[in-house]
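Sharing a structure here in structure tokens format.
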Amino acid sequence: MNNIRIALREVIPNRLRTTSRNQWPNLTQTRFYARATSFPDYFQNPIFRKEDQAKLIENNELSKLAAIPVKPPAACETSSVYYDPLVNKVINHVMKMGNKQLARSLVEKAFENIKRKQIERYHLASTPEEKAKILLNPKDVLHRAVENCKPLLQLLPIKRGGITYQVPGPITEKRSLFLAVKWLLDASNDKERTVHFPEQFAWELLDAANNTGKVVKRKQDLHRQCEANRAYAHYRWQ
Amino acid sequence: MMGEDPETFTQKDVDRAIEYLFPSGIYDPAARPLMKPPEEVFPNRKAAEFDEAGRPHHFLFYTGKPNFFKLLHDAAETIQTLYKFEDKVIRKKEIPDPNAELELLASVWITREELEQSLVEKITDLEYDNFKLVMERIVSLPYSYRCKEFIEKYRKPLASQRFALEIPKPSYDQDGRAFITTYECLRKKARGDVTIRSPGTGKITINGKDLTYFQDVQSREQVLFPLIFSEMLGKVDVECNIEGGGPSGQSGAIRWGIAWGLRSFVDKNMLEAMQVAGLLTRDHRRRERKKPGQPGARKKPTWKKR
Amino acid sequence: MFTRNLRVFFRRYSQTCTFRTSELSPAQHSENQIGMFYTIDKNLCKQLFGHGGLPKSYMKQTKTFTETTLMVRLPALDIMNCIKNTDFDKPVVRYVLYGEKGSGKSLTMAHLLHYAHEQEFLIVHVPWVSEWLRRVPRHKEMANSPTREGFVDLPLDAAAWLLHFKTQNQTLLKNPDLKISKEYTWSKRESTAEGAPLLELVELGIARVKYACDVIDALVYEIKLLSNNKRCKTFVAIDGFNTFFYPLTRLRTPTKRTVAPEEVSLTTSFLTLTKNDWTNGVVVVTADQLAVPEDHQESYLPKYLLYKKGFEHLDPFVPIEVGRYSEREFLTCASYYRDRLWLRGPSELEDELKFTSACNPYKFMELCAPL
């Protein structure tokens, strides 16, 4: 709380000096909140998945962690079997203006479409080997699609001698996942007016899981560009 | 004198006595009469820093903050001694003792205000970050347990979770079923109370209605979360009254209420597991207010370079 | 507790093998088969429900599961027992199915239709009344009724319904016994003579869309006469009956005046049909929350949904509640979904789903969709 007060003291007066709305200069400086607006740094993240908890029990660290303050789990997280962090992330990226219910229903309808299509294909497939290859669980389809769309390198703009070169560089796991989900959503929003988002998203996911389609092409284009710009790689260090 | 035992008279009892003997109607607590040890009331002051000839006592006087830089100097010295010890041990071809590792999970570094108070000097943000860096450096070395007292001096223990981990006793109603009521279940603007009865059939009643009180799936999942986690789905009955807030706030309040009430019906290991899962923490976050001159709580108007 | 777990385990195991029943005829269904699924033949399905009758979400499911199955539930069995024991000389008994949203009223109706078809009832089935009165695309073909003053006609809807009636009763209408009692003149050149078969009347209505509503009026009159004379037994099924009594429709006259349901000729025809002044028949009606707009959906009880007029019109009636799944029904439904690959995952899911869906059939289906 005191950190926030001091941080405010430094931030807000600067802001007020630059804007012309300087009607109440002194009121803002001694404002503080009755409660802290988020949890302090020393609160640990909660561990509520059964698998993670089992690991802790194996290492006998459960009692130690139980003695320190822990943040409560978010409103969308549960420990039940059918919660998936990747699905939650996709729903968050689809969400606009905080409308989580709508985003969740869209993604669930997309999963339903995937399931129906896969069941159709399953019934049309003749041999058991083909049937075994078809992924019937839409979450598996999503996992595979995201895996196939994750880029392994990214292009960083580096300025040398007045020219900005696109230099291939490493990419973190988080950014790679973010790019994969963003590309999938971009491709789904590039749709005809009459087609609904869940259907288009289902098609994109099925294509990506098969290593075909627009998104995988985009990833492969990026990899080709990185390969082409291999010569500039040393610009990262200079 | 007042029937109190002078051997066991603590500061709290002193405060109580003063409040009784000198009743005051002043609003500000700091302006009321108090009787505390002088170190608490009057802040520390520095003693004479230089003698009659003008020579400073402290060897780091001319840094302007001698105590702080002495602290950093000590820290650097401990690092050097630990390095030398490590070299010696490596020459003898031994390994550090794993049992003597420092337990730092249950404490944090002291805050800047407390450091300022103990050193009687002002400390800027940068200097405080530097201090923390140096201490983290000491802790990361393999033989840091040898300088345990030095590190413990600047660590503050966190509030223990014993309130969450104690098991309250359930009361018994007419049919002989054990039940426990948690009042003041709060989350955002929702307020309510939750009653858990055991043994039960898994019936959930919210404001007289079934789980269908919540139309959306997420709120229903949140209500069922503690029951699924502790595997008490079909074993207890839940009855709640809730008002205020929206579906998310109400379901969050009920979730906490159920978890808090389940403490009585669950064994110690599961209780620790619930605490680690964060189900027993009260969510005290509230909506941040909008500030004047900004469109929202944090959002600022478009930044213009000039 | 250990024995209880064993019992639950054995019950589950025995039910995973027996969620289907081989009894395909609804007349043979009894309490032993509550919760089991039976398959309806595809051709029969097309004949009975070709133009509606099954909810749209259910039609999608039939496509995915590649078969049409219905669950045998207690309300349907109750009505079938009542029908078996009715005295057909007394005036018609009216049954009202009511329940929460998605508890299975339309599918219970479908089960009863199958039973009626088997027992060779003459089926008068209105798939969903709101289609006529509330589902209004840009422009609905409306006409002022020629025979009645101030009444509004829905010619296309009426013709579509007559086609539906014809397909459902194909076999019965071929019976030459069903004859009209009096002559109907439609215009200078067209008339249907006395003694002509019912089929001719129906075909005239389909061909001459202008007179379709009047044909329906005549049909209703004839059916009542035929039932009173014991020529045939009638089964009337109307889904969404409370739409007739909701104060407003979404129809508008060319002068932009909203039409009330009493002014639509179709309403009057079906209201005369559901009156209990004829014998040798059964009337089953549903009162559904989804048939009215969301502002008036507070309760699912018939007294609220039918308003005063509807209640008085239908009084006395037999109310039958269609409730949520019981434990056993839920388990069979879950095992059926597993068999059809609609639900996959560990069995702890089922417990969670039972509570999250609160055992509501439609909600359960929705929740299993993305899993």
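Observations on the structure shown:
Note that the chains take the letters A, B and C in the order they are written out, and that residue 1 is the start of every chain.
Going forward, a contact is a pair of C-beta atoms (placed from the backbone, for glycine too) under 8 Å apart; a residue touches a chain by one contact, two chains touch by 3 or more.
Heads up on the chains, UniProt names are B = Small ribosomal subunit protein uS9m; C = Small ribosomal subunit protein mS29.
This structure is a prediction, so every number in the text was calculated from the model and none was measured.
Among the pairs A-B and A-C, the greater number of C-beta contacts is found at A-B. Taking the mean Cα position of each chain as its centre, C sits at the greatest distance from chain B.
Work out the mean CA point of chain B and of chain C, and you get 62 Å between them.
If each chain is reduced to the centroid of its CA atoms, chain A and chain B end up 30 Å from each other.
Distance between chain centres (mean CA atoms), chain A to chain C: 47 Å. Residue positions 352 of chain C each touch two or more of the other chains. Residue positions of chain A with contacts to 2 or more other chains are 80.
Shared interface positions of chain B, i.e. residues touching 2 or more other chains, are given as 217, 221, 224, 228. Note for the complex: chain B touches chain A at residues 103, 105-106, 108, 111, 113, 158-161, 165, 216-218, 221-222, 224-225, 228-229, 248, 251-252, 256, 269, 272-273, 275-279, 281-286, 288, 291-294, 300-301.
Taken together, the chain A residues at the contact with chain B in this complex read 2, 12, 15-16, 19, 21, 24, 28, 33, 35-39, 41-43, 46-48, 53, 56-57, 62-73, 75-76, 78-80, 83, 100-101, 104. Of all residues in chain B, only 202, 204, 210-212, 217, 220-221, 224, 228, 233-234 touch chain C in the complex they form. Here chain C touches chain A in the complex through residues 60, 63-64, 66, 341-342, 344-346, 348-349, 352, 369-371, going by the rule given at the top. Contacts from chain A toward chain C in the complex involve residues 80-82, 107-109, 111-112, 115-116, 119-120, 122-123, 136-138.
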